[in-house]
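In the two complexes that follow, chain A is the common piece, with chain B as its partner first and chain C second.
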Partner chain A sequence: MAELGEGGVTANLEMTEGGAPCIAIAGELDFSNAEGVRTVVDEALANDPEELVFDLEKLSFMDSSGIAVLVHASNHARVLLRRPTPIVLRVIEVTGLTGTFTVAE
Partner chain B sequence: MASDEQGAGSATATAPRAAAPPRARRRSRVHGAALAVLLVGFALTAAASVTTNVIYNRNENRLLALRVNDAGAAIAGAIPSIETPLASADELAQATGGDTRQFDRYMAAALKLHAGAVSGSLWALSPGHVALMAKVGVAPEIAADRALASTFFTRTARSGLLGSMIVTGPTGERIGYAYAPKGSSYLVYEETSLNPSRRAPVASDSSFANLHYAIYFGRREAPADLLATDEAQLPITGRRASVSVPFGTGSFLLVMTPGASLGGTFFADLKWIVLGLGLLITLGAAWLVERLVRRRAAAEAIAGERDAAAREVVRLYDEQRHIAETLQHALLPESIPPLPGVEIGARYLPGVRGMDIGGDWYDVVGIDDDRFLLVVGDVSGRGLRAATVMAELRYSIRAYLAGGDSPAGILTKLTQLHDLESDGHFATVLLALADQRMRTLTIANAGHLNPLLLADGACRSIATVVGAPVGVSTPLPYSELEVDLPPYATFVAFTDGLVERRGQLIDESLAELTSMINAEHGSLGELLDNVVVHAGAYGSDDDTAILGVRWLN
Partner chain C sequence: MIFEHDFPRASGSVPRARHFAEKSLVGLPEAFVGLVALMVSELATNALRHGATPFDVRIDAADDGVAVEVSDNGTGGAVRRSPVSSDPTGRGLQVVDALADEWGVRPAAIPGWRNTVWFSLALPGAARSG
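Up next, the complex of A and B:
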């Protein structure tokens, strides 16, 4: 479990035995803090998981830097976005990345 | 948010360092206000102390004068105790016709009652002559000087009062008392011995115990006339009072000085108490004032330093912004080439908070007389790396365009060229190929926001087929959308900074922008300016590029 409390965003990594690692991102993810979240993502990818889950229920904002973090994750594992807020989901859609991630309610 | 906090953090970190030396200098001296309090306090204390002393001295002098008068009265009251036995002896002599035996008996008893009396004698008075008739005790010293005796006795008898004088004889000095009532032919004379040192301490239980004194015979303070004193050093100096006490035909001079404060030691010390307390209060008040002044000065200094630091931060920030903007502008087209049949305008808005250079860009590339390519792109993230990716993409697009690729073909090639994993950034790119002869726009979109088309008095979003951004590997190919251009149409493409707002769906801000442009009937420049104002009002912290094209027919 890792926590990151920098500039309005937190990223909690949960590793469950047998299950996919899950990163819960809360707050506002933008260019000022995306690098920190990327570090957490790299930590989760260190074990070469097949799937990586992002719990985005509490993520209220995400800009292109945030999307880049998700795209980076998708380059190494199947990415499942769990419960994204409409604002975040829409940003992913208009960026033409609907097919890149699997979205789960 | 993060950049805001970091900005505040660096401001407080630099302020104390920059400001420490002047504050240290200020600490070393006392402020004027405290000095004024100190001076005024000292002056008031000195005045109060001096006044206390003056009042004390006046009071002591008054008390001393009263005591001297009391002592004088006591001495004057002693006259009858000397005069009465002499008068009685004289009466006895007159009554007995000068019976010496009876005089001897009476005088012997009288001498015993008078402390210090050593000699009593009876003298016969006749005009121009005095004669010793009888004596009790030792021989009177005056008898050795008949001329003196004659003068003294004659004068005394004439006055009818108690006469007194210091008589110096072979055995030392004595006080001689003589008395003869008027008309009497006898004179009674008594001599009392004088202590050679004249020292006679005041009894400790006396009401005059706290006073020192000197009694002189006559009116002068001459050492020869000293009768008694308890002082070693004469004449008495310092605080003193004197009174002349009439004594028969002559007088005594009584001089006194207090041995201790007559009003009590508290009043004697009062001026010192006033002085001490005054100084303490003054120092305390000055200290308090100094502390307050310093505290205020420190507060003002800190406020000043904070202001200065804030100004410095703003200045540095502006400077960095300026550098970033200069670099950004260097990577944007210097000028848009004039193309026939269209008016083209562009605006670039640096992010409100971003100090790093952004990756937004636009470009207009002429192909031939009829065709030109419009480009709007946005590299994710910020910084020089993002700007480098942006420059790479910008010139790659020009190269592929020159090679005859279509918009979708260019995007496909860009994706092969660029990869998020190696470059750390992806980019959204919108390419619109305008054909003046066909009056069409051929649009390909790699993850970019849809452009707007203002035509026939209505503004609408062009629903392009949105592919994945450049740098994101995708199995799906890019598609093109062909749009017909109505007369006088206006095309507006922009980057997400214009509509990306925290806490708002992008569709809502897009709708706001669309309705804003819908109400716009001015020139292209005015339209773009108003879009900028509209974006500025929402204070997006991301950079924003806007490109507008208006067809002139």
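Up next, the complex of A and C:
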């Protein structure tokens, strides 16, 4: 568990039952804390997983700094976004990255 | 009504500027405020990344929508890139371009002085004035 930055975000890395790493991100992800979340992503990527899951149910805000973290992950593993909030989906949509990530409920 | 706030050159100024926008527009539709806050977050980030200076946010809230200006005194100015999907960065102004009704850049009249990036967004259902 990492408590990261001013805007208030947490990034919690766990293994899913299927064996893929899952990072639950909660709070507000932006320039002030993206670097910290990226560190957690790099930790998850260290074992070279095929898939990396992000649980975004409690991520109430994300801007393009968060997109940068997700794109970084997708350059190394297949990225599955679980339960993204409407504002997060909107950011993904307007940056033209809908096809880059798999979105699941 | 006009709301203005100065923010220091610190990464924590990004969430503070966003929350300032949210508080300034309290009472307006949540989805509308969310879009404005998202764009303020992008412009504040740009000011810090490219201007690397303090910046200020000016929000002009009218009955039919808002006009927002973010000014820094960096020398960079805004450059909208067209990143390919594997590029991690360069998407801030792409977000503003997609969501704002209009946006633009007013470069500093004197080099090294204030660069301003502005955008406007009409309230849903509001009569557009121009």
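Everything below uses one rule, namely that the second predicted complex is superposed on the first by the 95 of 105 C-alpha atoms of A that agree within 3 Å, B and C clash if a C-alpha of one lies under 4 Å from a C-alpha of the other, contacts with A are read in each partner's own complex, and residues count from 1 in each chain.
Here, a residue touches a chain if its C-beta (ideal position, glycine included) is under 8 Å from a C-beta of that chain, and two chains touch if they have at least 3 such contacts.
Worth saying up front: this structure is predicted, and the values here are computed from it rather than measured.
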{"item": "Touched partner set for A:31, first chain B, second chain C, both or neither", "value": "both"}
{"item": "Which of chain B and chain C A:97 touches, first, second, both or neither", "value": "both"}
{"item": "Chain A positions touched by chain B in one structure and by chain C in the second", "value": "6-8, 28, 30-33, 61, 63-65, 67-68, 71-72, 74-75, 87, 90-91, 94-97, 99-100"}
{"item": "Complex contacts: residues of chain A adjacent to chain C", "value": "5-8, 28, 30-33, 61, 63-65, 67-69, 71-72, 74-75, 87, 90-91, 94-97, 99-100"}
{"item": "Of chain B, residues touching chain A in the complex", "value": "1-3, 5-6, 354, 356, 378, 380-382, 420-421, 424-426, 428, 445-450, 466-469, 471-474, 476, 496, 500, 502-507, 541-542"}
{"item": "Residues of chain A that touch chain B when the two form their complex", "value": "6-8, 28, 30-34, 60-61, 63-65, 67-68, 71-72, 74-75, 86-87, 90-91, 93-97, 99-100"}
{"item": "For the chain C and chain A complex, residues of the former touching the latter", "value": "11-16, 18, 34-35, 37-38, 41-42, 44-45, 48-49, 85-89, 91-92, 94-95, 98-99"}
